[in-house]
Structures are given as structure tokens and as C-alpha cells.
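Please go over the structures that come below.
Look at the two complexes coming up: chain A is in both, with chain B in one and chain C in the other.
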Partner chain A sequence: MNKTVNQKAWFLILPVLVLVAFSAVIPLMTVVNYSVQDTFGNNQFFWAGLEWFEEMLASERMWDALGRQIVFSLIILAIEIPLGIFVALNMPKKGFWASLCLVLMSLPLLIPWNVVGTIWQIFGRVDIGLLGHTLAALGIDYNYTQDSTAAWITVIVMDVWHWTSLVALLAYAGLQSIPDAYYQAAKIDQASRWKVFRFIELPKIMGVLMIAILLRFMDSFMIYTEPFVVTGGGPGNATTFLSIDLVKMALGQFDLGPAAAFSIMYYLVILLVSYVFYTVMTNLDKRDGH
Partner chain B sequence: MSDLTQSPPKRGFGLPSVNGSAIVMGLYLLFLLLPIYWLVMMSLKTNTEILNSFTLWPQNLTFDNYLTILTDASWYTGYLNSMAYVVMNMVISLAVALPAAYAFSRYSFMGDKHLFFWLLTNRMAPPAVFALPFFQLYSSVGLFDTHIAVALAHCLFNVPLAVWILEGFMRGVPKEIDETAYIDGYSFPRFFIKIFTPLVASGIGVTAFFLFMFSWVELLLSRTLTSVDAKPIAATMTRTVGASGIDWGVLAAAGVLTIVPGALVIYFVRNYIAKGFALGRV
Partner chain C sequence: MAKITLDNLAHSYLPKPVTEDDFALKELNLDWSDGEAYALLGASGCGKSTLLNIISGLLHPSQGRILFDDKDMTMAPTTQRNIAQVFQFPVVYDTMTVRDNLAFPLRNRGADPAYIQTRVQQIAAMIGMEDTLNRKARGLTADAKQKISLGRGMVREDVNALLFDEPLTVIDPHMKWELRTQLKSLHHEFGHTMIYVTHDQTEALTFADKVVVMYDGRVVQMGTPQELFETPEHTFVGYFIGSPGMNLMDADVKGDKAVIGGVEIALGKGFGTPTGKVELGVRPEFTSLQAGDSGLPVTIKRVEDVGRHKIVRTDFQGTEINVIAPEGGEISPDMNRIVFDTAGVNVYSDSWRVAPKVA
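The block that comes next holds the complex of A and B.
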């Protein structure tokens, strides 16, 4: 659609700008402020330059948390995206069953995040949980509060449980928009199931899929509440992801300088990756002729 | 075709034809529902039963856990607090996002693309980064521990989201409608409220659903910004850790009750969910 040039449109955006400035820009400036200053308490601050950034870049703690975070996000994407597409391909197309699937699948998405943690805590515990108890009865050694591998598996399975439906629903919406004619053409050409997926379905859902990947990357990169409730970042530091570490530093120990420097770098990493995704997405959009 | 000749009698039972897809979906839904089933069962058991015997369903069915929550003010105010800031957030976000989304969908102006991406970056901001500055900001203006503070804080990610979703819906409304209305002598505010808003009603519904969803599930910011008067239910749940250990039954019951509002909302918008997702803007 051709848009008219109208500079007065700025006035319509003004409320959003004011609100977001209040809720994003001012707090962010506070963070920037802290990141370049040091304090002896009593609200006396003095200029520290880039000291905190240097300290954080040299700190093993941050690199470890970042490493865990990247591994976690990659595992999450590697499981949830294919699984989500697979589920979407198997969903009923219409009618009662389709509605039922939609409703049931949306359910985990609307559970408060700490309750998601609580659900898995209750589900996984060896003494009272169905999962933990069953695994113990089968003779599998599973205790997510002590064994870091078990903790990782629990956190990952929990995230798959929580968010695969989002990927599936997005992919499903994409699949719904493919006209029947495409499938009929494929049938005439006697294309195999795999070829139908590879050359018809996949290209058509690529746009939605990029959004799914972007959302899952962003949200898994910021994950805090669920692992915090289930494992508390432990055992040891095994499941201490970036946000957990940051909150520990900022609100637990009140190390404002390092925490602020940490925040800014954290934000920049997310921004950078998101920008790449966003550019790819808008280019895909253009190619599809919007 | 071949099974028609081989086994015709089997068809008489009226069994639904079981195929691969049904099995896949069955397994997936089982995986989704099993933990929730366990939570519900726990909420209907007594603590003695939870801790001392392992049972797949309650042997002595009890509703005491729910009674505890529904009769204790410190519990149920948690729900009211959560509801209060979620609704406030929905109203504020929609009120500011509607005109902005209209501007983005209809006009091009200086810096529009950069502005749009900048708005989106706020959806990408980790709440953990904002927890401390929010705490200080809202404390300094005397808004700490109020519903409006949480509602405003959630605007951080909900306003960009609302603009994003609404812009997609508004782009689908033909521009000719605007032009006709102006020729007919409608002023902009009158046109916007009387004609345009009803046209994007389903979009507003979908947007409200996602605003509800993200405000309802968020805990880090709402917990940081409240202590007593506006404490959300999700934060109240940490209370169950008492001197005698965790009160699992009450914890489970509280969890079940936090799922109910979400389930209700899903039920009401079930026919629009697919469309909302179809725009691919969550």
C-alpha cells in the first residue's frame, strides 16, 4: 500500500513516545549512569569511566553465564522449532478437534511463569512428583536438585513443554494460509510427502517461522522465572543463566556498577541478534510482495 | 481400497479411523496435560496424603486447600491485585497504541521505520535489566507498591507489542474508507472512534488477548515493584514455605487458580487465536 507522507502523524505517536520514554528511556539512562560511576555509599558517586565494563569483560562469571545461556538457547531452538512444525503438520485442519487442540495447546502459554516452575517442581520431585517418582521406580537416577545434568534436562523439558505450542500455533497459522490449489498441483505431479513439505509448505511458512525463531530466541535468552523457581540457578551454578546472574548481582548484592555494565552488554547482544533477524524478516516480507 | 475387500466387518463398529496424525497429537497433548493433571490432583489431596503415600488420584478428596485460599484475605487479594494491574495495563496500552498504529499503517513520516524498530527493541529488552532502575524510578516518584506502577512497567513490552499487532490489522483496512469519511465531513477523532475502531474490533480483541497474556504471566517486574498492597498472586505463592516446610496442597491449589483466568480468556477468543497468530505478530 502506498502511504501518504504526513509529518503530522508524529502527533498520533506522541503518547506512545512519552509513555515508552518514561518506562524505557529514563530507566535505561539510570543504568548507563551507574555503569560509568563508582560509589562509596551515601549516594556519593564519582566517575569510573569504562572500569566496570573492563571488569565484567574480564570476569569468568559473566562468560560462564553467557556460555550457558547460548547453549541453552541453541538447544531450545533445535528442539522446539522442528517439534513445533511437526506438531503443526499433524494438527486437524478444522472442526471441533482443531478448536480443542488450539485451546489445549494455548493453555501452557497463559500460565504465570512462576507457576510453570511450580508445576514442574511438583511434577519432577522424586518424593511427590509423578515424573520423579516414575523415573525412580524405573531405577533411573534422577534428582534435579543435586545432579546438574538432571537439572538441565528438567529446565529444557520444561521450556519445551511451555513454548513448543507457540511455534506450533504460528506454523499452523502459516499452513492454514496455503491455498488448496498448491496441494492439488503437487498431487498431479505425484510429489512425495517430503517434497510437498520441502517445496510447498516450508517456503510458505518461512515468514512466520522467522518470527517464531526470533521470539523463541529472545525469550529464551531472557529466561528468568521458570529456572529460578525450579532450580534456583543450581545445583552450584549449573543453571544460572544471564538474567538469574544479573538479578543476583543487582538486587541481591547491590553491585550497581558491574550489574549496570553487565545489563548494557546483555541488552546489546539481544539487540544485535534481533536486528539481524528483523532485517531478514522484512526482506522476506518484501520478497513476498507486501 | 484394498482393505474394502479384506476386512469389511471391522467397519461396523464405528471406530474413528486412527491415523498417524491423531497419535502424534494425542501424545503431544498428553505431554502438555500430564503436568497440569498432576497439579490439579495435588490440589485435591491432603498434605499427609501428598507426602506419605504415592497415589495417582486423591483417596480422600478434599477442597480444604481451595477454601484456605478463598477465605484468607492475604491470599485472594493477590488475585485482585493481579487483575487490577493487568486490566489497567490493557487499557493504557490500547489507548496509546491505537492512534500510533494508525499513524504507522497510514502515513509515512520522518524516521518512521527507525521509530518502529526502536519500539520493537523494547519488546526485546530483558526485564532483568530494568528491574533495578524501575524500582528506583517508581520509589522516587512515590508509586512503589501501587497497581499503576506495575501497569506502567508492563507497558515497556506491551505497548510495542500492541502497536505491532494493531498495525498489521489496520493495514488490512482499505484506505478508501478513510477518504470517504473525510469527504463526508467526519473529523479525525469522530471518524476514528465511530468508523475505524469498529472495523478493527477483532484486531483489538486479539491484541487485548496478548496484552492480557504477557502482563498476567510476568513476575520479575511485578514482584520487584510491589511489597504488600499491590502484590500479585504469583508472588504470594512463595508464602507457602512455612516453618513446617512447603504446604504443597495450598501451593498446588493456588497454581490451579492462576490457570483459570487464562483458560477462560482462551475459551472466549478461541476462534480468533489462529487469526491473531496468522498475522504472525506476537
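The block that comes next holds the complex of A and C.
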């Protein structure tokens, strides 16, 4: 078959090119531009080279935020992934209750992030919040505005409440695609519930689970709105995660250079992690196909 | 090993079945003798798999009882029934090796490791997978996966029954033959009760001692291949088994005479006066063509030479009648009469066979 060559077809990708240029490439280049220059206002810029990068790499503040960020993401994953799978395993398979469960599970995902933050901010208040007041009445010393442990717990519980549904829904979709014959064969083979999970369900949902882990890791690594609304990064710097710190630096202190260097490194870390996940996932696929 | 009895069994997938049509499996009574090989034959959707799943306990019947050696097992879970079942599509545990797959049912029942080792080796030899024992089951071909499923079904020696739900659908034709032969020899060796579901009559007739034919949720006949061939109890059996199937003609039957389309023929036996929709059923093997004046006048439409014999398709007043003629015989245009060998003539009333009256 002869292929028709028509170079004019390149024009067809022009809209996308323009869109991506304005939404991603140009902003990113602006940040790169800021990261290698210094300014004293008046739109006057001076070449600074890698100075800001060196400064940020030496900055204890960034390493602390990164440390908190990693701990936060790991805790989130360690809770949400098993919990999501557990919820998915116990959801009804079909009928009215299955639909109801799906709707209920989707609800937290549909709430705007700052509203989620506001809900929990009020929910946890000791004076008027249902949670905070109840805990105080029970004699538990809980105050997320002063106690950093309480602040961490609040932020984590909030994230679990907000996002476990996503993991559960993905795992549920994976579980639904397992043919009945597998469960029947397992019964015939007298496999225990644990073995059914270990040898049938887990291998079959591995693919979607990897996607769930990737999504949850990325989102939690970039989390901003919810903890910002609830704790504002406090008490002190206790819940100042990377993006909260970044916004403080860029918009609060107007340190454009260091903030730009910071965000580029932040971006590279995320890119690296995505790449690792992508490689692992495609390798999983290859193993399946062979 | 056990005798399996189905007592007034019926099943509906609806919560409150009302009419007979609501039942996927209509009321039936059936005995499966210990150690026999059965084939469950019928078209897709006739209730074969439903029946199988009820026997293995994956499904609990809406009514009736299942007895294993006269012990009521109707509500007993699958594990208590000690049954092996192989499904239509291969079920393997992807993350395990072939060896672990085969050993799985034994390990779950806490068998002795040394025994498992030797038994798995035996089964692997039987399904021809000794070389791949240490490979992961993931990524094997559908053929190989189904062989593993079969192997897992056969690995336990003490099962009450071995159930196969169209297990060879996904297997290559030449491998099909081989595996079926192996299943058969396995049956001779260990004497397990085997129930083999299929919609392929050749498979059913070659595998089984007894064939159970199902039609529309009903068991219409249980018998040896010979019985199914010679005396089909239901017109469906006549039509479904045989190639081509039985010829069926509307007829008026009185005693030992039948009138078909105005032509009277002798039946050789008395059948009384059957009522309802009366049909005459004669297999093509008992039908022959001849010249002359006696018999049913037909026009020959087509002759198909299949090598072993010729199939002659003829038309009798709009009804197709097939004749199997010997390979050597000449078929001339003046052979326009059909006669039946009275030994192979069956009479049906509303699709069910009417037994001949003993004179």
C-alpha cells in the first residue's frame, strides 16, 4: 500500500502545540528563567547562574520540608492502599447496594479540595467542631492548632477520608474483571480466603493497584490545598509540606529566584518517580505478555 | 468415590419462580452410578453447566436433594463434597509455577510433601508438562494453561467425582484427541465417576459409557451411545445425535400401519393409536432408496459423498428426508422411492417416543 505523504498534516497538531505551549512550556521556561537570575524589582534581572540551586540544596528548610513530605506520602500510601483494597473486597458485587456503595464512595472525590479542608478545619475545632469538641469532652487533649501530632493526625485522617475511595474504586474495578470460574476453581481446590486473595485477587488487580499507588503518591507528594486550609502549615512548620513551603517562599517572601530553583528540583523529583513507576509498570505488562 | 443421586432436583436463577419456563433446570431424577463415565450432552444454554455446578456445590438448587451414597449433601459446601471440577476456560494461578499449581489442591488439604512431590510428577507426565514444571504459569499458551487446569482436577485421587465443563473448547484439535484418550484411560485406571459436559456429540459418544442428553432444561434421555442411536426417547435426541440426524415425518399411526402424506407404510410392530402430534422418526442409516412402486415417492435434491458413504438429500412433499447409501452403490435417477427398515422406525407423540406394543 502506498502511503500518501502530505506535509500539511503538521498543521493539524498546531492547536495542541499552542495549548501546551501556553499551559506548560512557557510557564516552565519562565520558572527556569527566574531560577538562574536575581532581581531587585523594576523588572531588572541579573545573571545568577546556579547560585539559587546551590543555596536551596544547602538549605535546611528545604530538606526538612522534603523529609516531612516523604514521611507524609509514605504514611498515606501505607494506610490508603491496604484500606482501599479491604474496602473493595467487602463491597457488594452487584445489585442496588453495589450502586449505592459506588455513589457513596465517589462523594469525597467530588468535593473541591479547599472545601474538604474547610470541612475538616471546622470538624476538628475544639470549640465548635463535632470531632474536636467530642474528643475534648472525652478528656483527650486534641488541638491541631497547637499540637503538631494532632495536626499530623488531622491532616492524615483527612487525606485518608478524601482519597481512600479512589484506591477502593480502582481495586473494585480490578476485582470485577476476575471471571467467576477463578473463584469456583478456588473453592474446588479448597483454597482459604487468604490464598484466594494472595493467588487470584492480588495478581489480577496488580495493574490497577500500581496506577492507584502512582496516583496517590503523586497527589500526596504535591498536596497543598487541604493542609493549607486546615493548618496553614503549622503549628510552627510541623505540616509545612513542599508545596506549602514553596508558596510561602515565592508569594509570601517573594524570593523568586530560590523558589524557582526549588520548584525545578521539585519537578525533577516528581518526574524521576513517575519514570520509575512507568518502567516498573511496563515491565509488569511485559511479564504478563510473556 | 460415591454414587450420586439427584432427587426431584430443579433450579431457577429467579428468586421466585412461578411457571416452568422460569426454571433453568426442570425437575429431574437421576442416578449417577459409582465409577462410570458420563457425558452430559446438549446445545448451549440447556442447563448442562447449571446441573454440573449443582453437583459440585457451587450452586444450591431451588428444590430437591442431592445424595452422595444416600447421604444428603444438598446444602453442603463444595469443600465437603470432595469433588474436582475443570472449567471451560483455563484457570491457573498466574504467580505460581506449574508445579505449585498442580500441588495446590493437595497442599490445601494438608497432604504429605513427599506424596505431593511424586503425585505432581505423575500428573505432569500425564499432561506432558514435565519440562515446564518450574516455570511460572503466567504467559503460557491457552493450551498449556488448560492442561494445567486438567492436571489440577486430576491430582487428587480420592475425589467423589470428576466434573468437566467443556474442558477442551480452547484446545487444538489434535491435542483434544490426545487429552480425551488420556482422560479415558485415567478413568479405566482409577475408576472415578466422571461427568463430562459437552455440546459435541463425537466427544460425548467417544468418551462416555453413558450419555445424558439435555434439552431445554430437561434430561431427555440417559443411555449408552447405542441406545441413543437406536431408540432415541425424544425427537431432540434423534435430531441432535447422528450425522445427519434422524428423519422426522408427520404421520397418522394406527396399530402397525402409518400414513405419511397419503402413503401407507407398514411399521412391523403395533403402536396402538398415539395421540397428539404424531411423528415417525427413522435414522438415515435405516432408510434406503430404490426404484419401483412401493415406498414414499421422493425427488432427489443432492448427493453428498463423504467418503465412507453417500448422503442423499431428498424431498418428500416439502419434508427433507436424508438417506445414507453405501459408498459403492450406484444412485440412478429412477430411484425415486424410499423404504424404511422397520427395525429402525420409531414413533413419537408430542416429541416423546411411543413404545411399541408387544403383540
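Observations, loosely collected:
Keep in mind that, in the parts below, the second predicted complex is superposed on the first by the 271 of 290 C-alpha atoms of A that agree within 3 Å, B and C clash if a C-alpha of one lies under 4 Å from a C-alpha of the other, contacts with A are read in each partner's own complex, and residues count from 1 in each chain.
In the analysis below, a contact is a pair of C-beta atoms (placed from the backbone, for glycine too) under 8 Å apart; a residue touches a chain by one contact, two chains touch by 3 or more.
Note that the structure is predicted; figures quoted are calculated from it, not measured.
When both complexes are superposed on chain A, chain B and chain C end up sitting side by side without clashing. When the two structures are aligned on the shared chain, A:M222 is found in touch with chain B, with no touch to chain C. By the touch criterion defined above, A:I122 lies against chain B but remains apart from chain C after alignment on the C-alpha atoms of chain A. More residues of chain A are in touch with B than with the other of chain B and chain C. Once chain A of one complex is fitted onto chain A of the other, the partner contacts of A:A58 are absent, as it touches neither chain B nor chain C.
By the document's definition of touching, neither partner reaches A:L138: not chain B, not chain C.
After superposing both complexes on chain A, the closest C-alpha pair between chain B and chain C lies 6 Å apart.
Shared interface residues of chain A, touching chain B in one complex and chain C in the other, do not exist. Contacts from chain A toward chain C in the complex involve residues 179, 181-182, 184-185, 187-192, 195, 199-200, 203-204, 287-290. Within the complex, the chain C residues that touch chain A are 53, 56-58, 77-79, 83-85, 87-89, 91, 93-96, 104-105, 108-109, 138-139, 149, 152-153.
Residue ranges of chain A in contact with chain B, taken from their complex: 1, 3-10, 12-13, 15-16, 19-20, 22-24, 26-28, 30-31, 86-87, 89-92, 99, 101-115, 118-120, 122-123, 127-131, 133, 161, 165-166, 169-170, 172-174, 176-177, 207-208, 211, 215, 218, 221-222, 224-225, 242-243, 246-247, 250-251, 256, 259, 263, 266-267, 270-271, 274-275, 278. Touching chain A in their complex are the following residues of chain B: 20-21, 24-25, 28-29, 31-36, 38-39, 42, 50-51, 54, 56, 92, 95-97, 99-100, 102-104, 106-110, 112, 115, 117, 119-137, 152-153, 155-156, 159-160, 163, 171, 175, 213, 216-220, 224, 233-235, 237-238, 248, 251-252, 255, 258-259, 262-263, 265-267, 270-271, 273-275, 277-278, 280-282.
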